[in-house]
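You will see two complexes here that share subunit A, one where it goes with subunit B and one where it goes with subunit C.
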Partner chain A sequence: MSWRDGLLLALRSVLRRPARTALTVLAVALGSGLLVALAAIAQVADTRVIGELGKGGPATAIKVAAAAPDPIAPDSDTPRAGAPRALDDAALRAIRGAPSVQSATPVLAQQVIVVPPPLGRSIPAFDGTDPDRGLVQPFNAVAVGVDLNAVGSLPVTLLAGRIPAAGSVTEVAVGLDYLDRLHLDVKRPEAVLGSEVELGTPQVQATGDIRVRARWTRVAITGVVAQQVGEGTFLASSQFVGAARSWQTSGVDGTAVGLPLPSTKYSGVIVVASSLDDIHTVRAEITTLGYSTSAPEHLVATVQRYLHVVDIVLGSIGLIALTIAALGIANALLAAVRERRREIGVLKAIGARDRDVLRWFLAEALFSGVAGGVLGTAAGLGAVAATGAVVNGYLVQQGLAGIDLGGIPLLTALIGVGGSALLALLAAAWPALRAARLPAREAVGVL
Partner chain B sequence: MAATAGAAVLLLAACGASSPGSLHPGPAVGDAGRAEVYVALGASETVGTGLNDEALRLRDTWAQLFFNEALPRAATMYNLAVPGITTAAAQQSEVAPALTLHPTVATVFFTIDDLVAGVPATDYETNLEVIVHAVRQGGRAIVLVGNAPHIDQLPAYRACLSGSAFCPLAKGFSVPGPAAVNAMVDAYNAAVARVVAREGAVLVDVAAHAADIANDPANIAPDGLHPSPRGHAALAALFLGAYQAAVQRR
Partner chain C sequence: MSEVLRRPVSVPHRGGSAVAGAGVAVRARGLTHTYGRGARAVPVLRGVDLDLEPGSHVALQGPSGAGKSTLLSLLGGLEPPTGGELRVGGVDLPGLRGARLAAYRREVVGFVFQHFGLVEVLTARENVMLAMSLAGVPPGQRRRRADEMLGAVGLGDRAGHRPGQLSGGEQQRVAIARALANQPRLLLADEPTGNLDEESTDRVLDLLHEVVTERGCTLVVVTHNPRVAAWAGVQLHLRDGVVHG
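Let's look at the complex of A and B:
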């Protein structure tokens, strides 16, 4: 008997008991579907979280402050900054030159006066009773400037819109506190996209009475971000903040009127280590250079532990599901062997060998495994897509960035189908061997 | 518990550490236009004196309105005006820093303080010409020069004339009668017209509209001297019209 004969015989057996076949296939589909879904979710968690962390991505950025290190606990996640210490180009070069430093991006910060829209003649006329006219009052804020070409390696999460163009002096992104200031719904950040805001930089003049002059610019809001680059409402290019800063520093110190000159060129530096394992070493090196650092290294380790636990739990659930599916296959085939003793006996009586009978039952199990695997994998991937859509909807509703689950993971799909087939063969091994070893005389004699 | 919450935040942060772009399409941000540099030179009305509310001063001064209406988003404005300054003092306090900024647009609006200081029209003309000539930088900048409004209808002037306590001038300071004041203003405005013609600047004829502005109490600030938000809007409209006409001529 050839493989082809074995397959035809198996197909006829499968079709003869459609209900049992359907239940067996469903059991396999359930197991493989669950495993594929859990594997895909775990894969996403690994690639998007551990992967990012492991590469020393934005979530693991080390923030260097313009201050001396905390003498008590310099390596805690959020140390107390020591005495102010200027961060200048020499310090930046020293940090960049330290071993295991992948990148070091300087951060500028500038105090600005914010005049929210409306601007120009679209301001409602003042009738002499309410100077505010229901408008949002101008307020003081801080603009944070960085090299926007390097934003991918900075702790910046885009919530809506886009990051301002690199080098632009007419575009900014805002934090959610800007929406708060404008009494807008933070769950609808897109409401501010494309709007303009006027930013003024004060300069104190040294002429007798302290006099303040301002430099004014209008900028378009291109995005809403959550950022840990620096304490500021606006994220802009270093060129924009640098120009504003030059204007202020060409005046004199205005501490008396709450406008002190900045004591450091850079308000901070965001350092990315070459790998997750290097964060501690890099922090120690920067501490040696005399600057305070903060990094979520303890938090990262905790997250890694949690993710490993999640992997173990998900894997265990999947294995239980697969074991149940395997038992289902074995049970169905054992029942089939019992039912088909006479057929086995007749086949053997007319010359079939043990391996022909083995092939018959294994082919039948293979059919259940492949069919169940295909169905289960499709259902599992569908479940992942649906879960992703629900999670993304929730994240966006909460004002957070969504998760990109990517396309259909081909490897996961192949493993899902192939694994189900292999599992079915393994589960069928004992019933098939039992059938194959059944003596013809005994099989026929049962009747 | 705190660690769990922190882990969740970090996980979300890692998930959301997105590259530029993908959640919502980028907003429709129009062309930012030319990177004009605008300097506002002047005295108290350009600073916003009289607008006692901080929000009004930041939003409603005529220079601010002019900047937001007339110039593209890529423009930068420097308000260098100093309250109470005369054209002589402004050459050091305002023109010198203005020249370091290389302006492409400038507004020059000095009137009342020279008048109050008793500066003769000939000196005013000389000083104004120095300012306009310097700021124009050989034609690199469009320079708008505002002339003086007639002030005989202003509540503050009338208070000083009648010796009322509402008069903002120092005690014992006597003001000339309306005819004399108007004659001085006319002499100043003739000086402004000559300077504008000689230097190729643009005249903003505030005097021609002063009656409309000064006769409406809604245009005057509570101090009776400076413009209210409505008055600033009227001034801004005059400067805007003159600027747009000048740009068209170019």
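Let's look at the complex of A and C:
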């Protein structure tokens, strides 16, 4: 029997039991679909995360402190800083001019007094009497200011809402610690969006007879972020924080009352290296310039290890699904062999060789495998596309580059369909061999 | 066992207008067959001696369990005998295994079953073509020859129908067309009219008679039908695993 005749016979045979065939194809489709989806998602995750890390993006940003490096721990992720050291425009230019530096964004930090909502209430008197007892009390915090146009290259993750408009002096984003302060649920960060808060910048006017006054600004909270730019509750534009620092520095030094003037123009600098491999070199260069740095080098290695583990887990889940699909094929074919014992015997009685029968059943499994593979791959890629669209939307919302899924479908589709066909053949091997070895006397059913 | 029972049964050629040399001679000596082993062994054939001349038409009769179908399956190469000698057309069947046995079934034997044995999912034409496909007939010739065969059995207009769309008699005629598709020299029929009504039985018998006579092939038919036995001309009785002439 030629392959063509075997395929014709197999095609007719798989259509003989449409419900069983449909279930078998569905099992293969589920298995291959799951594997394709998991493989594609793992591939995207690897590409995206490792790619970003590999490019030395925000996740691997180097934080430069306005301090000299501590000589005993210059290479750790979080080295202890040494003596204070001015971080000014000249230092910024020197850092930007260092090899393998992709970007260097200055960071400003300013201590502020925070009056949380509801606004317009009484300020507690110094004697401790508080007519609005029970409300959250004003507290001290730090506002971190950066160029919000460059937020995409900074270690900032938007959790809810949006990043304040670049250059705005009336909008801020808050960290999760702000929600803690207000006794709000950190799992519902959107609760603070749109609320207003008053930020006061203290200015020490005299230290002898202590006189401190504040410049108050009412700002709207536009977003909630997790950020590694600096130690601060508020993320604002560099214009907002710069204006606050100017106000404070126009006063006198208040070190005695805990309000020292800033000793350096910039509180820190966020440096992004050209690639993951350059991080260590860039840190060494900045250390040579005399500044303390920190970078999540060990974190990157850890993330890579975890991603590898995720790959293994996802692959295992997919293989389990495929194994179940294979068992489904084998079971369906075994049932078919049981049902067709006499038919197989007749085929042998009229001259079929073992290999003809083998070909018949393998071709039948091949149909199920290919059909299931095509369906499953299409469904899996559909799921990946949907997931990709969701992830893409999130990344774009974060101000990051979207995911390019263009290169995935063709290769994955080929592997999905080809793998399913191969799996079907492997699963069918034993039932097909059983069928092929049935004796021809099954045709007459003697004993 | 008596000497009479052990004497070979010899059947002369009785085909009317047989094509000389188209059939095969069959010779069995001390043919035995046992199913199972040890305590579970069931001896079915206990020493069959048989001589059939080429082109002879033989009706094999006997009670159920006498070994008729087993003898037929041995003659057809469906399984090798467990003992004795069996030669068909000069071929030593016990010595054949695997692909050579399949080739014997393909090239020498035509089978007609009581249950018709048609592949349900194929049309009448495709069932006939399947036998030719197994025999390696070129694809271009199969359809033409299948249509000729179906025309010869009076089913030229039903070639595109599946077995489920045909009556029992029509299915058996398709099975006969398939059995004759590769021009066998030994036609074996196991109760070919067992599942048919009287009218269909007559038609199938007439057809069998016509084709085996015309083609001159050796015919062995297992039957309980006296009319079939009478038509065959030679009746052999199988009882307790031994042939009685």
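One rule holds in what follows: the second predicted complex is superposed on the first by the 272 of 447 C-alpha atoms of A that agree within 3 Å, B and C clash if a C-alpha of one lies under 4 Å from a C-alpha of the other, contacts with A are read in each partner's own complex, and residues count from 1 in each chain.
Note that in this section a contact is a pair of C-beta atoms (placed from the backbone, for glycine too) under 8 Å apart; a residue touches a chain by one contact, two chains touch by 3 or more.
Predicted model, so just to flag it, every value in this text is computed and none were measured.
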| item | value |
| --- | --- |
| Touched partner set for A:383, first subunit B, second subunit C, both or neither | neither |
| First (subunit B), second (subunit C), both or neither touched by A:115 | first |
| Partner chain in contact with A:218 - subunit B first, subunit C second, else both or neither | first |
| Subunit B versus subunit C as contact partner of A:94, first or second or both or neither | neither |
| Touched partner set for A:171, first subunit B, second subunit C, both or neither | first |
| Touched partner set for A:23, first subunit B, second subunit C, both or neither | neither |
| Superposed model, subunit A: greater residue contact from subunit B or subunit C | B |
| On subunit A, positions contacted by subunit B and by subunit C | none |
| Touching residues (chain side subunit A, partner subunit B) in the complex | 45, 48-49, 52-53, 57-59, 113, 115, 119-121, 123, 125-126, 128, 131-132, 135, 137-138, 151-152, 155-163, 169-171, 190, 193-194, 196, 198, 200, 207, 211, 213-223, 226, 296, 299-300, 302-303, 306, 395-396, 400-404 |
| Of all residues in subunit B, those that touch subunit A in their complex | 3-4, 6-7, 10-30, 32, 35, 53-56, 58-60, 64-65, 67-69, 73-80, 82, 93, 218, 228-230, 233, 236-237 |
| Complex contacts: residues of subunit C adjacent to subunit A | 35, 42, 44, 69-70, 72-73, 76-79, 98-99, 102-103, 105-107, 109, 111, 113, 115, 117, 119-122, 126, 130-131, 133-135, 139, 178-179, 182, 190 |
| Parts of subunit A lying in touch with subunit C, wherever the complex brings them together | 1-2, 4-5, 8-9, 12-13, 15-16, 342-343, 345-354, 356, 439-441, 443-447 |
